[in-house]
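Labels A, B, C and D are assigned to the chains in the order they are written; within every chain, residues are numbered from 1.
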Amino acid sequence: MFAIEIKDLTKSFKGLRAVDGLTMKVPVGSIYGFIGENGSGKSTTEKLICGHLVPDGGTIKLFGKDYRDAGVRAKVGALIENAGCFPNSSVYNNLKMQAINLGLKNSDEEINRVLKIVRMEKDAQIKFKNCSLGMKQRVGIAMALLGSPALLILDEPINGLDADGMRIMREILTDITATYGSTVLISSHVFGELEKIATHYGIIKQGKLIREISANEMKRTSKSYILVECDDNKKAIKFLSLKYDGAVSDDYGKLRVYGDEASSDIAEYLLSNGIRIKYLKKNKIRLEEYYLDVMSRKEKC
Amino acid sequence: MVKYDRTKPKKLKSMLSVDFLRLFASPLLYVLIGVSFSLPVLILVMTTLNGGEESTLIFTSVWQSISSVSEEGATAMDITSMMNINLLFFLTSVLVGIFVSEEFKSGYAKNIFAIRHKKGEYVLSKILLLSFSGALTFIAYFLGAIVGGKIAGLSFELTNTSVTGLIFCMLSKIALLPLFSSIDLLISVFAKQKTWLSILGSLALSALLFPTIPMMTPLNSGIINLFLCLAGGIIFAFCGGLSSKFILDHTDIV
Amino acid sequence: MDQNQIIFDKPSFIERLKRMLGVDFYRLLHTPVFYIFLAISAIIPAMVLSMTGMSQEGEIAKPLYTETWQMIAAKQPLYVVNDIADYANMNMVFIFGGIMISIFIGHDYRSGYVKQLFTTHPQKQDYMLSKSLTGAFSMTCMCVTYIIGTVFSGILSGTSFEVNVSSLLISILSKMILSLGWAGLYTFINVILRKHFGIAIALSFFIGTGIPVIGAAAIVGNSSLLNLFLYGSSVYACLGSSVTAFFSGAIVSIVWFIFYAFLGSVILSKSDVY
Amino acid sequence: MNAVEIHNLSKFFGQKKAVSGLDMVVPEGAIYGFIGENGSGKSTTEKIICGLMRPNNGQIKLFGKDLSDEDVRHKIGCLIETPGCFPNLSVWQNMMIQAANISLRNPKEKVAEALKLVRMEGSASNKFRNCSLGMKQRVGIAMALLGNPALLILDEPINGLDADGIRIMREVLTDLTLKKKCSVIISSHILGELEKIATHYGIIRRGKMIKQVTAEELERECPKYVAIKPLDLNSAENLLSEKYIKVTRKDNFLRIYGDASPEETVNYLFKHGIKVEEVTTEKISLEEYYIDLMKKGENEIW
């Protein structure tokens, strides 16, 4: 079952096609990293899912039901662009209103729970307009977490969070997907952070989803290789190409051995032939490289 | 230091161009000019064209919508002496309130005050600009009164005043504008982001000063009235400007 | 917890409306806007009552209002403004109500909280109904404070209090019922013009003053056709009104309320939230 | 000559001390990385430098002159928290207003150039409120850079920028500081990006500057180490700790500090029959340095 299923969704503003035939599937319980350039239609898609914008065409299904179904939408938590809070009311009052809006019975208890999660218990009485950028972001996250939603849509939640805030963010998302089985759609430009928690990725370019892949699939399919550098590379390459056919020297003064041999065996082989190793690394594909590689490809696969 | 594109800081000129650019780019001024043109038309047309029954709002001549003649009940707080051009001073309070608080609310004040230490130019440029736009609304009202008078078929002849009296009356009212805009600026600079406070505050202060206007600028005002209004306007603008500068100097901009 | 266990119990219409109303009332009672307007509608009658009429040829100005209850409603339904006393009565509450609802809804959109509302409430009629009901409630409260203000200023200025009590009650009740229709109208204006707060509040003020109906009355004269309009029936609920006036006002109000709520929901569901 | 010199600066909001006794020195032409947690007083300090907030006490000197010197203040460019633009005016109009604000000689051409720099020339005509978060941030940066300022203060400019946007900003900042000798104060939480361009660092905690260091000093203070991922962690650790003085363990990697060379350590392990999966020479990253600094108690640092 998919938490979000979108089929050729289109949305244009005054002639400019923000979302253009987007098709997307977000499995339940996953943390779906939604990546793309500024203005590639990420926020627009998220607003369409939350019903903030009316699509020109295409269908959106949440948990198998139409996205306009009130039951499903009551279990959606969203933080898009900024936390929509009343500036003159205190943080606590804003959360109280959202708790009433969600019809939560034990609202005070629930509010304290989410405030504790984002470490904002002591600042609950400050007026929202007096909070700093980082604190406003945490209030937005707390509001989205109210009532432990089945689907959480976060548009660049890491914006303005400090290192500590990012760590909390990661813990929240992994915890909510594990204990409540919720699904998270998160868009961000900080690939380092996203990489640590995302289970699926969707790469969007000019309003189209050009690649949708799960994290471990990405690891498997991308050509992995071993990087090695020795004090005498020429001698090393001769030995390596004897035993491994995928050995080649790249232009950064390092040797690459494609295929999935164990790096320890390669090291063992080189050392036993008296070659001293300066650098040895299993090349774990990083999200940023994968993203740049996909973006540079012209065709849509 | 390296030569920079930023020329020698001609502060007042740059501040004025910033304000004028924004004034003509946003709809605020045009809406208020529209309102001040249609206000007299509404007043004149509605009161005269009501099936002839007796009405408390009887305008004998068009110019009554500009101001009441000096000795005729100028002090009484009755309706007709209120329903004339002097209402526009309340409109200027709304204009100043919105225009200034928009600057603080959008955060553009950060860019203005980052490169200026002295707040004098900001205050002076605002007073000049807002008096100028106030004058535009007065002119629009004047034209509206003429149009309204034509439609309602009211008489245009000037009883116990002359054309010069009328012109001086209008000029001295415009001369009072710096006085009102500097006071409204004072409130708005204090209120900063809180638009409702700057508008309500300016309206309240203008209401306080309102009764003086008919006395200072009757229909048959002469050169002395103009001189008095000009002097009063400039002195008040000076004090209002200085106190606004004081507030800006001693409070956080953000 | 495996996935297909997530059950989505569809909240009933009443439940959804209750939640939305809860949010609106919480905000209404916890922010100063409502109380400021209650105070305004208490003070205004005192000020207006003290205003004197037009003074002709210098004799002392005769007071505008001879009886306190003229402040609540005019003696006979006159759609045309020829006497300020007939115009400035409790209908002014509908002007203040218009401004308050514009500020209330404008705040929703400017703060961005409307994003949360429309995330959890896909049906747009929840929003329309809840805002109209909140608006109607606040206008009724403003009527109450208006009446209190009138009574006080009446006692102070010593104007006479005798009036046909039943028709006074009818006119007060029908004006309160009419606030439903007015709230629907104001909510409609502010939701349609949500992108231009300035124009929305100006338009609400303009319609609240009833100038369009007065203009029509100036042309068409005092025909009872004007009662179909909200301003018309507000004027019709005057001191001489009978029970039929009450029912006609109630029907007009409820019809407009439903019409605007329905039209607003349809338009909203077709257009983007902001 | 220093671009910014601050001595014993403090600012109170009621009883809350936003900034207390802060000292700061930013040399001319430097890119000063300003690092600190949320609410540690970064933005407040930057607002005080721009004259947007009045300090309770403390001395501030810009280019040797006092903060009230008009000539110096005229050469400041700032982007603090959100870009201050009028929402219902178009991007172009906002930029033209800023060009008038700093009395630029040929505004149209300069504004077009600035927008081109941040790849925003295409959407110059749409209203500011309709731009996405990333595009608003680019407009804010373009506005701060207009008429190349002498002192540039950017408060978390990377917020919302995509990879391409960050790359552009990096290029622009290095170009500004090298060619035009502009000094930059930039605060950010993404230390990886900051590390690539910053020449000086200032670490602030609860309103007090706890460490000011240049990039070279940081280089020295962050020792190099050889990171080894052996198949069998414990035996490798015991073996290595005999040979080398300082060996620590961090998420199944062994770190050998001091001047150990990777070849030597690998051979040493190979002789003792310990298989190795990965060998790299690394340097302690800015992020790690910052986290260690934060863990140390406040008094320990002095």
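Heads up, the rule we're going with is that a contact is a pair of C-beta atoms (placed from the backbone, for glycine too) under 8 Å apart; a residue touches a chain by one contact, two chains touch by 3 or more.
Since the model is a prediction, treat every value here as computed from it, not as a measurement.
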{"item": "Mutual neighbours - chains that touch chain B and chain D alike", "value": "none"}
{"item": "Longest centre-to-centre distance from chain B, chain (CA-based)", "value": "A"}
{"item": "Euclidean distance of C-alpha centroids - chain A vs chain C, Å", "value": "48"}
{"item": "For chain A paired with chain B, centre-to-centre distance based on mean C-alpha positions, whole Å", "value": "55"}
{"item": "Distance between chain centroids, defined by C-alpha means - chain A, chain D (Å)", "value": "24"}
{"item": "Per-residue multi-chain contacts in chain C, two or more chains", "value": "none"}
{"item": "Shared interface positions of chain A, touching two or more other chains", "value": "81"}
{"item": "Residues of chain D touching at least two other chains", "value": "81-82"}
{"item": "Listing of all chain pairs that touch each other, if any do", "value": "A-C, A-D, B-C, B-D"}
{"item": "Chain D residues within the chain B interface of the complex", "value": "47, 50-54, 63, 67-71, 73-78, 80-89, 93, 96-98, 100-105, 110, 143, 147-150, 180-181"}
{"item": "Touching residues on chain C, where the partner in the complex is chain A", "value": "1-6, 8-11, 15-16, 18-20, 22-23, 26-27, 30-31, 107, 111-123, 269-274"}
{"item": "Chain D-facing residues of chain A, complex", "value": "13, 36-39, 43, 81, 132-135, 155-156, 159-166, 189-192, 231, 262-264, 267-268, 271, 276-282, 288, 291-292"}
{"item": "Residues on chain C engaged by chain B in the complex (per definition of touch)", "value": "51-55, 58, 61, 64, 80-85, 103, 198-199, 202, 211, 214-215, 218, 221"}
{"item": "Touching residues on chain B, where the partner in the complex is chain C", "value": "27-28, 31, 35, 42, 46-47, 49-51, 53-58, 72-73, 76-80, 98, 196"}
